[in-house]
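Some structures to go through are shown next.
Look for chain A in each of the two complexes below; its partner is chain B in the first and chain C in the second.
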Partner chain A sequence: MSHSHHLPPVVVGAGPAGVRAACTLVQHGLAPIVIDESPASGGQIYRRQPAGFTRPGAALYGFEAPKATALHQDFDAIQVQVDYRAGSLVWSARPGTLDVWSIAADTSRTLDWSQIIVATGATDRVLPVPGWTLPGVYTLGGAQVALKYQACAVGRRVVFAGSGPLLYLVAYQYAKAGVEVAAVIDNARLADQAASLIDMARQPKTLLKGMYYVAWLQARGIPILRNARLTEVAGQAQVQGVSWQRNGGDGAVNFIACDAVALGYALRSETQLADLLECEFSFDALNRAHLPRRDAAGRASTPGVYLAGDGAGIMGADAAELAGERAALALLADRGIEVSDARTALLDRRLAGLAKWRRGIEAAFPFPADWARSAPDHLVVCRCENITAGELRTVAKDTGASELNRLKALSRVGMGRCQGRMCAAAAAEILAEVVRVPVHQVGRIRAQAPIKPLPMTVRIEDEAP
Partner chain B sequence: MSSFIGTDVVIIGGGIVGGSAALALRRKGLQVVLLERDFCGSRSSGINFGGVRRQGRPLSQLPLSQRAHEIWGRLAEHIGIDGEYQRCGHLKLARTEAEMQALVEYERRTQGHGLGLEIIGRNALRQRFAGIGDDVIGGSLCPEDGQANPRLVAPAFARAAQALGAQVFEQSAMRSVAFDGSRFVVETVQGLTIKADAVLNSAGAWSGSLAAQFADGVDMVSRHPSMGVTEPLPFLLPWSLGVEGGNIYCRQVARGNLVFGGGLGHAVDADRARAQSATLLSQFARIAQIVPAFAGASILRTWSGAEGYLPDKLPVMGASRHQAGLFHAFGFAGAGFQIGPAVGEVMAELIADGKAATPIDAFSLQRFPASSLPPERTA
Partner chain C sequence: MNTRQGTEAAGGGQFQRVGEQSRPVVAFFLDGRPASALLGDTVLTAVLTQARSVRRNEFSQQPRAGFCVMGACQDCWMKTADGRTVRACSTPIAPGMQLLSGVAQETP
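And now, the complex of A and B:
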């Protein structure tokens, strides 16, 4: 690419991918603009505490504390060289421009770009269960953020349920922080986890940490219920307990009293910005999601757009750091700036190794493909608009809707405050079940600005300083 | 895969015009094939503001609009759902004396057309709705105008036609159309061939190329409204609101969300459009001006579509100038939703009976000088 780049590169997101991208750009003499919704860098995983909070890094980040500290320090060290816009949300975008809402000032400004690294991260993938809208039900990631950010627990006696690596990690973190963990209910079978050991052993430290969390919990007598799932969160105005049963068992339902639940089925990528930037998407079977396409270096289909980190497919924080650097090197090369071939090759090798490990993780914590079949009609799928699984089934059958945007238009699913970020994965599973097609065929909800709700008090910012 | 269908009428475009024409043609006993390249009612018919409004239309449209008003009044009989239609009233606001004069003048000119307009002054307006902004000096209320949910209404016309035996093909784009001397031959990209005695061109903003192929080319441009919706809010706004001049309009649905528009979005490509950020931010200030209580709400979503505009902002409705059996209904200039159901019925009358029961002379292609046509070939 040889077109002139008179504009500084833009990095959206200051988590592991965005920070490493920014550092790499600065090392090569550029002064990027870094836009991040949070008040401080670190992303979700290495989220920093508010001012005045004093829990030590080892308590906040556990085994990951050295990585968190390094990321924070490295980003702090380049503050002079970057135009860092914390507390700012990219709420709309198109090729060539971004609209950025400065949250505290409540102003919006248009920012022109020629090269942009999209490092927008992920949220929990939620598969609802009856009762999940009760106060006291959190996602795994949300429960972790409450603890990490402000040292708050979501309850006194908490059940952790779902699947994915976060399940045991967050349960462990809660138990270490002194919260009673009532049980860990893991949808996966121990056999799945054993069978995936070969791939997971590519990251032996990560594997050992995972085994350590499980062993630590077991040693304290915390029930770990594998191959099992929640059937209901019970309570009147507040969580009072959960019902669960074994997958494929005799159907016997068990009850555990608790005052909070943290649930999630791994993570889902935040892809709205890539969508508004006109990036092409394709279905990714590993993530069971439509994702913006990228080459091995992170280049998207839209010229000048680079994708890094969990926002373009879940690979975890270590891979995000590598991918952020790799995308920045691609951006630099496309700008005509010389980069180290050896470093590029090393990053590519490491990322390829992590990709194999990632497949192992998926095998260890498989998506519950029968979830839609087991979802009762009264289950609320879209909590913003209070749309049940039964309503979705009825609308799909009555209207012949076979595509997710069509189902949205006819049923309101995904039309509320979350704009489908929380409910679309589940709605797609329900629709695929009704239409009897593989889930990729029902498509994905198209992104529409604003990426997150935008108050009408926002005014256009005056001339740039 | 290829297959063949013979029919009386093939309709190109499954929006509210094509869908209601298909329904009316089936009621007249004609065989109908409806082709929609996307999903029926998923484009401008389904993503428009949802105002069901006669007030503000040019006089030439009022007979058609009154006919549509009757259809809307019995909507569930036609399409099987209420479509969230309600006759909440449409209040058009004035913010200057000149705007107020324009409202008064419109009321005077439309007397006898059945709109029942009521001019409301500054104080009376505040007695009826205390939430109105200080800059508003009065308004004109059309009590039986209202609002509906276009997402639900527009697809339902095609579904109702299908239930009466119309053959509806969605995600079926037309590849070619020709007249073979006795019948039209329409081929779709998907390999379907349809032979029909008549063709109705109701492809909205994309109608121009078919028209041009039969020497009915017109100077139509696409515009893209910039639409948005807020989170659900406490119910407050009794009417669907517009302003003289049209730079902001909004309605609050029963669920509480405020739907709004005014100003233009932008085209992404030939098929897609999006709201425009600068337009959206200007809409915020205008909403705050007319209903200050909404100023602190958050918006959840924006969207746009493509609407066809002719130079005089009137639609084209009627027979081709040159090709017997070809009929056009397009170019509704962003105001086709309310009259759409009547347009479908009128087009069905033209096709089946050779004449319309409602005057539509003002919308004839003949109003455009032939010299303005681009060079073209006849089929």
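And now, the complex of A and C:
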């Protein structure tokens, strides 16, 4: 027990993991500080629409509406017991302190912490394709946010491409909202999805929902192109269509006219905060990413740091709720507060079951491990600073750089405003291809403060006593 | 503020409204021209319901219209006439905002 446990625990992120963590802490008599960049709780998956919007939960969250509603209500019910700082970004951190930017007030304060639950969530994992910087190309998650949060479609005739569970879900949500879905282009083969059925069947409801979306799209005559990939997004100042081809086929290129593309290959964890908190990382083959290490309860290597939800490895919203509660129980136990062994054991069992289902998802939507070989030299990899695959290959070959931070220093990839969020996965694949090593050997881009760019106008203030 | 019922957004935009169109109108300026959005729109929605892009990339000079829509990619930054920079996807539109895209927009 640290002497500094007079400090309230801090939860960063108010998505499924952060909300369940906060609720659990409150149930055990603590008053956590909850810091969230968004103006309202729910995270990305259960993001709430702005005030004045009237669509019911079922229209926003579909089958997940009861879960979304419960999460929102449970967090709203603990408002008086938590120090909830919405619209606030943790932009810097180290063991013992956080720097928090209050976006509306445009002030930053330093906050001391002794125990922190990091529930920072995820964004889409992007593998670029020529033309992906054109106006009208969005991530799958972004296309979903536009619909859910703004009642807007990202175009009038949209192609959905890439892989992962979001692919069919967002295509379905768009079609259901009356938007023309030109095609779904899935990198995975039907055989991959069939072979994964045993693991996927551990979550039969989720499996059935996925099958329902596909059947629903097919019944409406929407082309579903499997074992296929985009080769180009065509257009000058806006999207005019996509070219695609079958994987391993005869190379024939097909064209589909559209004015928008939604693109993604599953999700990637937002690990910058864990990195700045000096958590140890290791390569996780399932996520094909370096992730902060944690024990089954969520404890990271840095004392007092707990990890939960997709920010610590992609497991989905249901697992995030369980992991948020589990991390909070670990925090409580470490603080000397009694927690239910039965509840802890139940959460551990459920999380273990979901881990098996998660492996099934990966088998159903495998990462296109040959992506780098198919990336042409003119492909823009870094959309912030317009750095191409060819430039990365040249820098790597000319300098012998074999590690991602070295490649970053020499080429500036990952140094732009997104700090590698949109390009690092692709840059790692390209570097591994050049150096001819497995992708885990090229390492990961180390996080640096600010975690996201701050305006020059921000005022630094002392934390009120 | 008046309310518009069930009308299509001005043509030619990248984004297409599919509902929630009974919200109060918010007047703003895009590249000096009067424009209107709906209360609760983000700056990104306000601009892209009537334009194809929100900015130019500093390195390629090509137009951009955002990408991740969740505050991660930073590819929807817009300048305002008073010299501020806003992240369009996570900034609500406000009456009188003067937004600059740096891209010549077609007149709807």
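One rule holds in what follows: the second predicted complex is superposed on the first by the 458 of 465 C-alpha atoms of A that agree within 3 Å, B and C clash if a C-alpha of one lies under 4 Å from a C-alpha of the other, contacts with A are read in each partner's own complex, and residues count from 1 in each chain.
Basically, a contact is a pair of C-beta atoms (placed from the backbone, for glycine too) under 8 Å apart; a residue touches a chain by one contact, two chains touch by 3 or more.
Note that this is a predicted model, so its numbers are computed, not measured.
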Is the number of chain A residues in contact higher for chain B or for chain C?
C
Looking at the overlay, does A:A65 come into contact with chain B only (first), chain C only (second), both, or neither?
neither
Which of the two partners, first being chain B and second being chain C, lies in contact with A:A333: first, second, both, or neither?
neither
Of the partners chain B and chain C, which touch A:D99 in the superposed model: first, second, both, neither?
first
With both complexes superposed on chain A, which partner does A:G155 reach: first (chain B), second (chain C), both or neither?
second
Taking the superposition as given, does A:T123 touch the first partner, chain B, the second, chain C, both, or neither?
second
Quick check for you: in the superposed arrangement, does A:A86 touch first (chain B), second (chain C), both or neither?
neither
In the superposed arrangement, does A:L346 touch chain B (first), chain C (second), both or neither?
neither
In the overlay, answer first, second, both or neither for which of chain B and chain C A:T399 touches.
first
Just chain B (first), just chain C (second), both, or neither: which does A:M211 touch?
neither
Take the contacts of chain A with chain B and those with chain C, and give the residues found in both.
416-417, 453, 455, 457
In the complex of these two chains, what residues of chain C are touching chain A?
14-24, 39-42, 45, 48-49, 52-53, 57, 59-60, 62-75, 77, 84-85, 89-90, 92
Going by the contact rule set out above, which residues of chain B touch chain A in the complex?
39, 42, 46, 151-152, 155, 159, 230-231, 266, 268, 274-275, 277-278, 280-281, 284-285, 287-288, 294-303
Complex contacts: residues of chain A adjacent to chain B
92, 94, 99, 108, 110, 278, 399-400, 403, 406, 409-410, 415-417, 419, 448-450, 453-460
Chain A residues touching chain C - in the complex, by the definition given at the top
37, 44, 49-55, 123-124, 133-139, 141-143, 145-147, 149-156, 177-179, 237-238, 259-260, 270, 380, 383-386, 416-418, 421-422, 452-453, 455, 457
